[in-house]
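Two complexes, one shared chain (chain A), two partners (chain B, chain C).
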Partner chain A sequence: MFAELNELLNASPERPEQGKLTLLRDTKTDGSFLVHHFLSFYLKAGCKVCFVALLQSFSHYNIIAQKLKLHKLNVCLWIPSLLGLLPRGFQQFSQGVSLTAAKERGQLVFLEGLKSCFDVFFGEEQHVGQTNPLQFVSKDGSNLKTMYEFVRTSLMASGSDSWKCPVLLVDDLSVLLSLGVRPVDVLDFIHYCRVAVCSQLKGNIVVLVHSNDDSEDEENELVVNSLCHQSNLILWAEGLATGFCKDVHGQLKIIQKGSSELKAEKNLLRIYQYKIQDKNVTFFARGMSAAVL
Partner chain B sequence: PPPPPPYFIEQAARGSPTSQHGAAQGRASRSVCGTVAVRCEVIGRRRRRGAGEEGVGCWASWWLGQRGGLVLIEDTIECEGRSLLKTFVAASAHRGESVHVFGFEIPEEEFRAGFDPDVTVRLLYQDGFTDPLRWTGEAGGFCGEEFTALGVSGQLARGPAGPATVVLDSLSWLLLRQPLPAVCQALGRIPMAAASAGLRVTRILALLHGDLHPPGLVETLRSLARAVVGVGPAPEGVGSGGDTPRLASMLQRKETGKVLEKEEYFTILAGFTPKALGEPTGSVPRDEDTDPHSMADPAANLTFNLRLSDTERRARDGVPLPFHFSAQKKSSLLEASASAGKIYYEPDAADDLDEEDPDDDLDV
Partner chain C sequence: MAALATGGATPSDGATSFQRKVPASSRLAAIAGTRPSVRHGQLLLSSGLPSLDCVLGGGLAVGTLLLIEEDKYGIYSNLLFKYFLAEGIVCGHNLFVASAKEDPADILKELPAPLFDDVHKNQVDEKETAIKSKQESQESMKIAWRYQNLPKMEVSPAASARFGHYYDVSKTVSPELLKSIKWHRFFLPEEMSLHPEIKTCNMTCGYTRLLQSIQRIIYQEGFDGSYPQKKQKNILRIGIQSLGSVLWGDDICCTDNPEDIFSLTKFLYVLRGLLRMSLSACIITVPAHLIQNKAIMERVTNLSDTVVGLESFIGSERETNPLYKDYQGLIHVHQIPRLNSLICDVSGTKDLAFRLKRKQFTIETRAGSSQCDTFI
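Then we have the complex of A and B:
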C-alpha cells in the first residue's frame, strides 16, 4: 500500500471503512497500481479478502505485494525498530505482504481466473457439488450466478475467523465483457455482491474497470457509468493528455460521492499527479512534480 | 411543436372544474408505427390545498399540485437525483398520501434514512434490492419480473386505501432488464389497474439515470411523462456556503397541451425539505456572443494610418481595373508600335507631380 495515497484518502489500515463500493477506473493508462494498493491495504488491515483476479497470475500479484514496503522509515525510528523497542505491529507495518502466507492462514481467497478458465475446458471432471466459478465461459455464456455464489461462500464468516470486515476485490470487470458476458449480467453480479458484501456483511468492494472517454464500446461505458452511479468513491487514473512523460506518469482524480442519506451533499473532486517508482508511488499536486521544482 | 416521438401516445384528460370528483378519461390511443398501443388514463380530481402544504414550501408544491401521471427525475453521474426524489416522497407523505416505493438500487434502510417519523409511517417499501432475480431465494422481496401493471397494483392493494403515490427507484434498473414497450405499457396501465382494485394512484415518481440509456429512449420517456426535472450541478457562487446548490430544469406538460419550461437553483436541507435559491439570470454571455465587432476592425490601435478618408475612398473607387479597356489602352494596343512601351500614368489627388528632374543638381 502506498502511504501517500492513504493520506490523500484519509484512510488507515487500523480503521478501514465499512459498506463502501470503491470504483477504480483507468483511461489511457494502467491503473493496476491501485489494485495492488488496495490488496495490501486490506490485508494489512486484517480483513478477509476475496480476490477475483482475472487478468494476471497469482505470482504476479505476490511479487508486487512483497515489494510494497514502507522503505522510507525515519532514521530515528529505524534504530529502535531494529532493537525491537517498537511494538510488534509497527514492525509488521514496515514489511511487505506475502500473499502465500495470507492464503495459508485463510485471510485471502484467491480466484485465479487464468487457471480456472483453463480448468473449465481442459480440466478433469468436476466432483459433484463443486462448480467452477467461471463455469459461464463454457456453459451459459453469461450467467455469473456461480461466481457470485463463490464470492459469497468465501466471504461468509465462519466461526473460527477473527478477521475484520470482508472485502471483495475484482481485477478487472472489462475482462468479463471481453469474455462474452452481457453488460447487464455484469451489473447483476455486482448488484448481488453489493447486497451480500456491502449491505449484509458490512464489507467493502473494490472494482477495476477500463474506460475511454471517446470509446465506441457502448457496453463498457454502460457498465462504467452504472458503477459510477452506485459507488461511494471513484479513483480515476488517467494518462496525461500531452502524452508520455518520464517524471509524471499520470493524473489521479479522487471523487468522493456525497451521500444522499440525510440531505444532498456535493461530490468532492480532487486531482493529483503521480509517478510510479519501483516500490512506491508518489503523489503531488498538479505541476508540482519533483523534477520541475 | 416538437416532432412526435416514436411511440405516440395520445391522452386527453378533461376534468370539469365544477365537479368535486371529476374523473378524467383518456381516449384509446393508437401508435404511429402500429406496434405499441398505450392507453393512458389519468384519474384525478381537483382538491383544495390543505393546511399541511405550507410546510413543504411553495417551490415544490406549485407543480406537485398538478394532476397525476408520470413525473421523471433525470440525473447524471455529476449530480445525483435521489435526494430530490426523496424530497418529493416527503412532500407526498405530508399531503397525506401513502407512498409505495419500489426500490431496486439501494437497501431499504438507506432509503428510509433521513426522513421524519411522520413520513416513514406512510412509506411502504417493496424490496427489489435484496433478491430481484431470485438467485438467493429469499422470501418477501419484489422481483424485477413482477413489474407489470397487475403486479404493481397487487402490491398497492396491500397498503391502505386512499390516494397513493408510486415511486420507482430507479426506472433505469427496470429499463436495462425489460424491453422499453413493456415498461411503458406498465407505467401507463398502473393507474387503471389500481383503480379497478379500488385505489387511486395520484402520480408515479420515477428516477432515471440519463447517461445510461441511448438518447432516443430518454426522449421517449420524456414525451410520456407529465413533468420532467433534470438535475445538474449549479455554478459556483450560488447559495450560501453550507448548501449544495443544484440546477433543476423543469418541463411540465399541462392538460391543455401547453408546455412550461423553467430553470431554478435549489438545495435540499435536512429532513428533505427543498429550498429555492433563485433563478439563473439570463445575462450570462455565451461564447458565440462575444462582441464580433471588435474582432473585425484590424485597423484600430495602429501606429500608422490604415484608414481611408472619403476623398481617398472615392479616388480609389475611380481607379480603372487592369483588365478594363479604356480608350487609351485600346488605341495603344492596336498601334502595336515598335517603339518602347508607353506608360500611362493617372495621378490621384495625393500625388505630387514635379516635372523637374531631381538629378539635375548632380555634379556628374
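Then we have the complex of A and C:
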C-alpha cells in the first residue's frame, strides 16, 4: 500500500472502514496500481479478502506485493536503533504482505479468472461440474450466479476465523462485458454482492472498471455510470489531457460521496497528480511535481 | 591497490568473501533467443524488429500477446508478422502458424532471409578488430597483466546468440534453415473439411478449433511444463493472421451490428490464459479498420497486452505531403503491458513513423516533432 494515498484518503490499516463500496476507475491510463494498493492495505489491516482477478495471473500480483513489502523493509533497516523507540504501529507497518503466505493462512481467497476459464473451456464436462465461477463462458447465458456463490462462501465467516471485516476486490469488471455478460447482469451481481458483503457481513467492496470519455462501448459506460452513483468513494485515475509526460504519469480524482443522502451533502472532490515509481507511487498537488519545483 | 593485492591473492578455490549471487532468471536465460528484462526479470523475446523492440521497452515478454492493427492494405502488418516468424526461425524456436487465407507452408517459404554477415555487424566488427589488433601488438601487457592469459573473446559470436536480427526483404529464407526448425500449422479451410461441425462456448467454429489446436500443441510439446524431464526448454511462437476477418467465419468486419460480438473477445481471453501458462508468445494481426463497431476494438485492446497500430500512407493525401516524404507510414503504440511491476519500460516519444528499406525497418520520431530519436 502507498503511505501517501492512505494520508490522502485519511485511511489507516488500523481502523478500516466498513460497509463501503469503492470504485476504481481509469481513463486513458492503467489504474491497476490502485488495485495493488487496496490489496495490500486490506491484507495489512487483517481483513479477509476475496480477490477476483480476471485479467492477470497470481504471480503478477504476488511479485508486486513482494516489491511493496521490500520497500518498507528497507526503510526500517536504515534506522535499526530507533525501532525499539518507535510505537508498535510502526513495527507492524514493517511486516509487509506476501500473497502466498496470506493464501496459506486462509486470509486471501484468490480466484484466477484465466485458469478457471481454461478449465471451463478445455476441461471435461463431468470434472468441471456446475460450480466453476466462470461457468457462464461456456453457455449462452450470462448468469453470474455461480460467481456470486463463490464470493459468498469464501467470505462467510467460519468459526475459527479471527479476521476483521471481509473485503471483495474485483479486477476488473469490464472484462465480464467482453465475455458475453449483459450489463444488467453485471449490475445485478454487484448488487447481490453489496447486500451480502456490505450489509450483512459489514465488509467492503472495491471494484476496478475502465472507462473513456469518448468511448463507443455504451454497455461499459452504462455499468460505470451506475456504479458511480452507487459507490461511496471513487478514485479516478486519468491520463494527462496534454499527453505523455515522464514526471507526471497521471491525475487522480478522489470523489467522496456525502455521508448522508437525506441531507444531500455535497460530494467532496479533490484532484492530485501522481508519479508511479518501481515500488511506490508519489502524490502531489497539481503543478507541484518534483521535476518542476 | 588493495583490490589488485586481493586479486593477486585469489586462489582457484575462490577464498574471497565476494560471491556473486546467481540470479534466479539465469536458469531461464538459457533458452535461445531470450533475455531477461533488467527491470523485473521477465523473459523477453525479440519481435524480429530491433527498432520495435526498443519502442516496446526491450522486447516482447514471454506469455504475452502482441496485437497489430493492420494498415489499410495489410502490407506492413504482414511484414511485421513475417519478421516475428523469421526471428523464431533464426533463434530456433518452434512456430505455430495459423491462417485462414494462405497456406502456412507458403507463408513460411516467403519469410525474409536473415542477414548473418550484414553491413551493420561489419561496422561493429571493424571497431572490435581495431581494438583486437592493438591488444595483439602489445607483447606483454604492463597494466592489465592479470588479463594476459585469459582467452581472447570471440569477435563474431554466433548469429543466433544475438538478440534481434536484421532481415533482407528482397530474399527469402533458405529451405535448409526452414527444415531445421519444428513448426505446426493451422489452415482453416483444411481443418473445417477434416472434422465435423462442433460449437463450444458459443464461439465461432474457426476460433474454437484454433484454440483447441493451440492447446493440444502446447500440451503435447510440453510448453506448459508438463514434461519436467525435458532438459532443453524452448519457446513457441504463435502467429495468427488476420483474426476477425470474414474468412474466419466472423462477421464483425462486415456489418455494424454483427450477430455475435463476443466471439473474438472470448477467443482472446482464453488465448490469454493459454499464453500465461506456457512458454510462448503470440502475434495477431487484426483488420481493425474494417471493424465498424469500435466498442469491439476497445475491448480487444483491453484484453491484449501490447497493441501496435500501423497506418500506411499508401493512397492517402499524406503520400505527397513533404513532411512525410521519407516515411512509409505511422506507428501508434496504443498499449504496453505492465507485468510484474507497477511501471513499464516505455520510451518517451509517442509520435513515431516507420521507414522500410531493403535491409532495415526503422522506426523514428517524425522529423517535424521536437525530439528526434531513431530506433535502429
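Just so it is clear, the second predicted complex is superposed on the first by the 256 of 293 C-alpha atoms of A that agree within 3 Å, B and C clash if a C-alpha of one lies under 4 Å from a C-alpha of the other, contacts with A are read in each partner's own complex, and residues count from 1 in each chain.
The rule is short, and it goes like this: contacts are C-beta pairs under 8 Å (C-beta built on N, C-alpha and C of every residue); 3 or more make two chains touch, one makes a residue touch a chain.
The model shown is predicted, which means the values in this text are computed figures rather than measured ones.
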**Request:** Judging by the criteria at the top, classify the pair chain B and chain C on chain A as clash or fit.
**Result:** fit
**Asked** First (chain B), second (chain C), both or neither: which does A:103 touch?
**Response** neither
**Asked** Which partner does A:276 reach: the first (chain B), the second (chain C), both, or neither?
**Response** second
**Request:** Once the structures are superposed on A, label A:57 by its partner contacts, choosing first (chain B), second (chain C), both or neither.
**Result:** second
**Asked** First (chain B), second (chain C), both or neither: which does A:148 touch?
**Response** first
**Request:** Would you sort A:226 into first (chain B), second (chain C), both or neither based on which partner it touches?
**Result:** first
**Message:** By the touch definition at the top of the document, which applies to A:114: first (chain B), second (chain C), both, or neither?
**Reply:** second
**Prompt:** Which holds for A:195: it touches chain B only (first), chain C only (second), both, or neither?
**Reply:** first
**Request:** Quick one: name whichever of chain B and chain C touches more residues of chain A.
**Result:** C
**Message:** Just to be sure I read the superposition right, which of the two partners does A:243 touch: chain B = first, chain C = second, or both, or neither?
**Reply:** second
**Prompt:** Touching A:267 in the superposition: chain B (first), chain C (second), both, neither?
**Reply:** first
**Item:** Minimum C-alpha spacing, chains overlaid - chain B and chain C, in Å
**Value:** 17
**Fill in**
Seen from chain A, its contact residues with chain B in the complex are 145, 148, 184, 187-188, 191-192, 195, 199, 222, 225-226, 228-230, 257-258, 260-267
**Asked** Which part of chain C faces chain A closely enough to touch in the complex?
**Response** 39-40, 200-202, 211-212, 215, 262, 265-266, 269-270, 272-274, 276-277, 293-295, 298-299, 302-303, 338-343, 348, 350
**Touching residues on chain B, where the partner in the complex is chain A** = 77-80, 82-84, 86, 105, 107, 110, 113-114, 129-133, 135-136, 176-177, 209, 211-212, 244, 246, 267-272
**Complete:** Within their complex, chain A touches chain C through residues 30, 32-33, 36, 55, 57, 59-60, 63-64, 67, 114-115, 117-118, 120-122, 137-140, 174-175, 177-180, 210, 212, 215-220, 243-244, 246, 276-279, 281
